[in-house]
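In the two assemblies presented below, chain A is common to both, partnered first by chain B and then by chain C.
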Partner chain A sequence: MSNSEVNISRRSFVEKSATAAAALSIAPGVFLHTVAEAKPAEQAVTSAVRWGMLIDTTKCASGCTACVSACNTENGIASHNRPRTDQQWIRKVTLRDKQTKHEISLPMMCQHCESPPCVDVCPTGASFKRKDGIVLVDRHICIGCRYCMMACPYKARSFAHETVDNTVDYVPRGKGTVESCTLCVHRVDEGGTPACVEACAEAEHGAMIFGDIKNPESEISRQLVEHGGKQIRADLGLNTGVRYRGI
Partner chain B sequence: MQQLNKCMHNTLITIAGLAMLAFSVFAVSNFAWAGEKPSFAPDVPHPTNGSTECVQPEDEMKKNHMNYILHQRDETMHNGIRTETYSLKKCINCHVPKNTTARFGDDEHFCSSCHNFTGVSIDCFQCHMDRPMGEKPLGKSPHNAQISKPVPTKVAGTSIENTEGASNNE
Partner chain C sequence: MKKIHLEQIEGKSTGYLGLIALLGMFVLGAIGSMLYMEHEGHWVSGMDNQIVWGLPHVFAVFLIVAASGALNVASISSVFQKKIYKPLAPLSTLVALALLTGGLMVLVLDLGRPDRLIVAMTYYNFKSIFAWNMILYNGFFVIVGIYAWFMLDRTMKKYSRYAGIAAFVWRLALTTGTGSIFGFIVARSGYDMAMMAPMFVIMSFSFGLAFFILVLLASYNGTGRPLGDAVVNRLRSLLGTFVFATLYFVIVYHLSNLYATEHHGYETFILLGESGGETYSNIFWIGQIFLGSLLPIAMIYAPGVKNCRKTLAAACLLVVLGGLASMYTIIIAGQAYPMEMFPGMEVVSTTFFDGATTQYSASFPELLLGLGGVAMTLIMIALGIKVLGFLPATLEDSIADPHHKAE
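And now, the complex of A and B:
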């Protein structure tokens, strides 16, 4: 019994290694920025990693909403044509310097704070931070009080006012609960990258980098060391997982 | 007068006893035959994918499926453990036919066939899908997103070579 289990895990390990090797040699000269290691499905997340994102606003094109539409498709978010109450996990924001008229375009979403105010105020424990730094809403426990929405300085959370009938099976969503960016946790747990990051790269902007900010070898850490990355509202001392360049 | 009361009392006890006896005979006639489903029990649809064994023996699942699912729910939500065995998604993928028109609430749906009968209401399917999902919206599985696309990095107005070749793979 135990022997066969060992063999199965060994086999899957060998397969994964082979896949990784094949992926690395996909084409000569192609530089792979992130080779994420998928954790085994039965393994719990640990605080050895902290997922984060670095957004280069100098590469983010104004008018491009590839990340927003990718997020909506991935998570089954549909508009009810009521912009004031429609759910929104990621949005494009334009900052304009009044003096110089210089404009910056950037995507804004849950910043996955190390000390999230939404978690502080949640009366039921539905708002929580996973060990790997991803801030989530456990909709099984959420009572829809929307306290977290008031506490969030980034206006990152939305409330599902209406019945959700276009859910996908890996992102269950429903009426009467609060929701926000999950960093595509269903993808991340399987070694993937968030849909927005992928869409940004596909649109050839490459303004978003996703990775483990605790791993000094990761692309995001190297970029952060080299160029730095600013927090929005750093004065609040939340130590956000999403950082920006060029603001 | 007192004697009359006592007589009535005895009669009532006898009637009650007879009623209980009649009920137990009825109950036994319904349940006694091993393997035979009582006529009033619901028709629970069996998996259509050919599998004959559940993740636990049938009796255990009948009694305790909710505990397995609840435990897995918290493990997945809070610890990112995404094993399939006890996940609600696995239940649905196995027990509900792919192109079914039955929705939760219909007697033909696997979950509601029994839940309607027992009068136990659940709210799983206010959020979760009550049927297997077909094609993923993007037409690709999250599993395929193992490696992020090469990011075209502009260095002084020129992009690094080979990145265009890679994007042609799409």
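And now, the complex of A and C:
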């Protein structure tokens, strides 16, 4: 091997290394914008983001329950064939306007209020709201008093009326405590989207958009600016994280 | 007025022991119900995701509200210095403490996780009116307990008036808190009204006094101690006033709702039984209004029954049953009426009973749990009057009535 060959190889190596180093240093920034705004596990939740959902009822297909099935599978919610006492984190409701007879279909779940009545009334603080707007139940200190269910204006909460058999590791649940939609917090914390949103997209309805409503660049914010998004029971002034179009 | 002598009852008769045994069985029944519901889960009860508070809560809230009201007699004696009530003040504190114990027993045993009572005592969300109530309940035990001690202990008697005033203020706060549990619920048509708090206060006066009179009549009848008409008739007319006042609040509550169009649905549900509310409407009209208010008023004020103890006892029993009906109407019917989530829309399909009236029917374990709370209250009273001198040896007119004139 001649000296010139060695020098070319060395130059080539340095050039390639520099390119790789530059790519590595720029990539995370690019990555943050293209995938979701994932945060490292050790980083605390902040109020810089507020997770929300926009549901377009004009795209929500009547009879489609993809979101419900996905939620049940994701969170290990099984029916005991007792509709009165079975847990339901998300449900499909079809409504008809009394005057115009126009029908709409929409999914109902925890609306992740900015001022959640369930959190206000909970005696132990088991019902709580994270800084990023996700409303949860700490099932380790829930005493099962059900006052949050009395107070929720959306009937979004269920009581575990019997033994919970098929729990999944990331969703601790148990008999005698109250539960509701977590906005798939285990996915969100890893940069993912809630299972219902994913299922709705997979079913090619695309009626549900999830994202950070504090970020003006996010898809949900753009859609909200362009088309608006109504709150259910806006009169209560709860500033819900879940908004609807077409209601 | 002569000196009042407080004396324990002997408590050795077959009747007394039989009563304790019978009540004990009811308490065991309540514990059995709790174990059954906890083991199987609450699906075995009549409660579900729509009616989350059921018959146990009807009993529990009634007993808690009555607890505050049972303290009336002591309050009137200590705070308002009415001498005729003075001999009954210690018994009044005992009945109040016993009622609260019974009510809380039911409330705690119905929790989804009663084993986490310590969590409820150590984790407080101070924005929750429920958490405030826990403090108010615990404080009630302490303050009324001290009040009873001061009244029964000769060396501390001079401070009893101050303790009585503290207890009076505290019990008003307690019932305000209990009423606010419902008054602060913004989401449901039947609640969300500040008037719930004073309405519960006045209800407590009525239910608590009726319960107290029943205990008084039963214990004097059972022990054969003399009980004069002066005390009994004073309590009778006081009860009449309270039943009237409660009725007034109920009327104002419904009139206020009737004025606001948004509450017309709920009012036609309760008052006319529309939208599947027949059962609840019947309980309101027959239970709360007729049996629980109008009939007792007639029995209290009817001419010719002034000194009739049986009529008074029946009237008190009706006020108690009417009180339970009131709680049923507030707690159960308030939840059974569908929550208005989509104004102007009707629900075509749902899997979670949106827009539908819930028909609740209580299960036997729930009834047993509720009755167990009442039994617990009565056991505490029965044991209390045996262990300590809560009961005056005699309440004949010449002793109890400060205005008595010897014939």
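Note that in this section the second predicted complex is superposed on the first by the 213 of 247 C-alpha atoms of A that agree within 3 Å, B and C clash if a C-alpha of one lies under 4 Å from a C-alpha of the other, contacts with A are read in each partner's own complex, and residues count from 1 in each chain.
Note that in this section contacts are C-beta pairs under 8 Å (C-beta built on N, C-alpha and C of every residue); 3 or more make two chains touch, one makes a residue touch a chain.
Computed from a prediction, not measured in an experiment: that's the story for all the values here.
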item: First (chain B), second (chain C), both or neither touched by A:Cys184; value: first
item: Touching partner for A:Cys122 - first (chain B), second (chain C), both, neither; value: second
item: Partner chain(s) touched by A:Ala61 [first = chain B, second = chain C, both, neither]; value: neither
item: Partner chain in contact with A:Ala203 - chain B first, chain C second, else both or neither; value: neither
item: First (chain B), second (chain C), both or neither touched by A:Lys175; value: both
item: Partner chain(s) touched by A:Val45 [first = chain B, second = chain C, both, neither]; value: first
item: Contacts of A:Gly76 with chain B and chain C, given as first, second, both or neither; value: first
item: Touching both chain C and chain B, counted on chain A across the two superposed complexes; value: 175, 177
item: In the complex with chain A, residue positions of chain C that touch it; value: 38, 40-43, 48-50, 52-53, 111-113, 116-117, 119-120, 123-125, 127-131, 134, 181, 184-188, 335, 339, 341-342, 344-354
item: Complex contacts: residues of chain A adjacent to chain B; value: 19, 23, 26-27, 29-36, 38-39, 41-45, 59, 70, 73-74, 76, 128, 130-132, 136, 138-140, 164, 167-170, 172-175, 177, 184-187, 189-193, 195, 197-198, 201-202, 204, 206, 209-210
item: Chain A partner contacts - residues on chain B that touch it in the complex; value: 73, 75, 77-84, 89, 92, 126-129, 132-133, 136-138, 142-143, 145-154, 160-163, 165-167, 170
item: Touching residues (chain side chain A, partner chain C) in the complex; value: 68, 80, 82-88, 91-99, 103, 108, 117, 119-126, 141-147, 149-155, 157-163, 175-178, 232-233, 236, 247
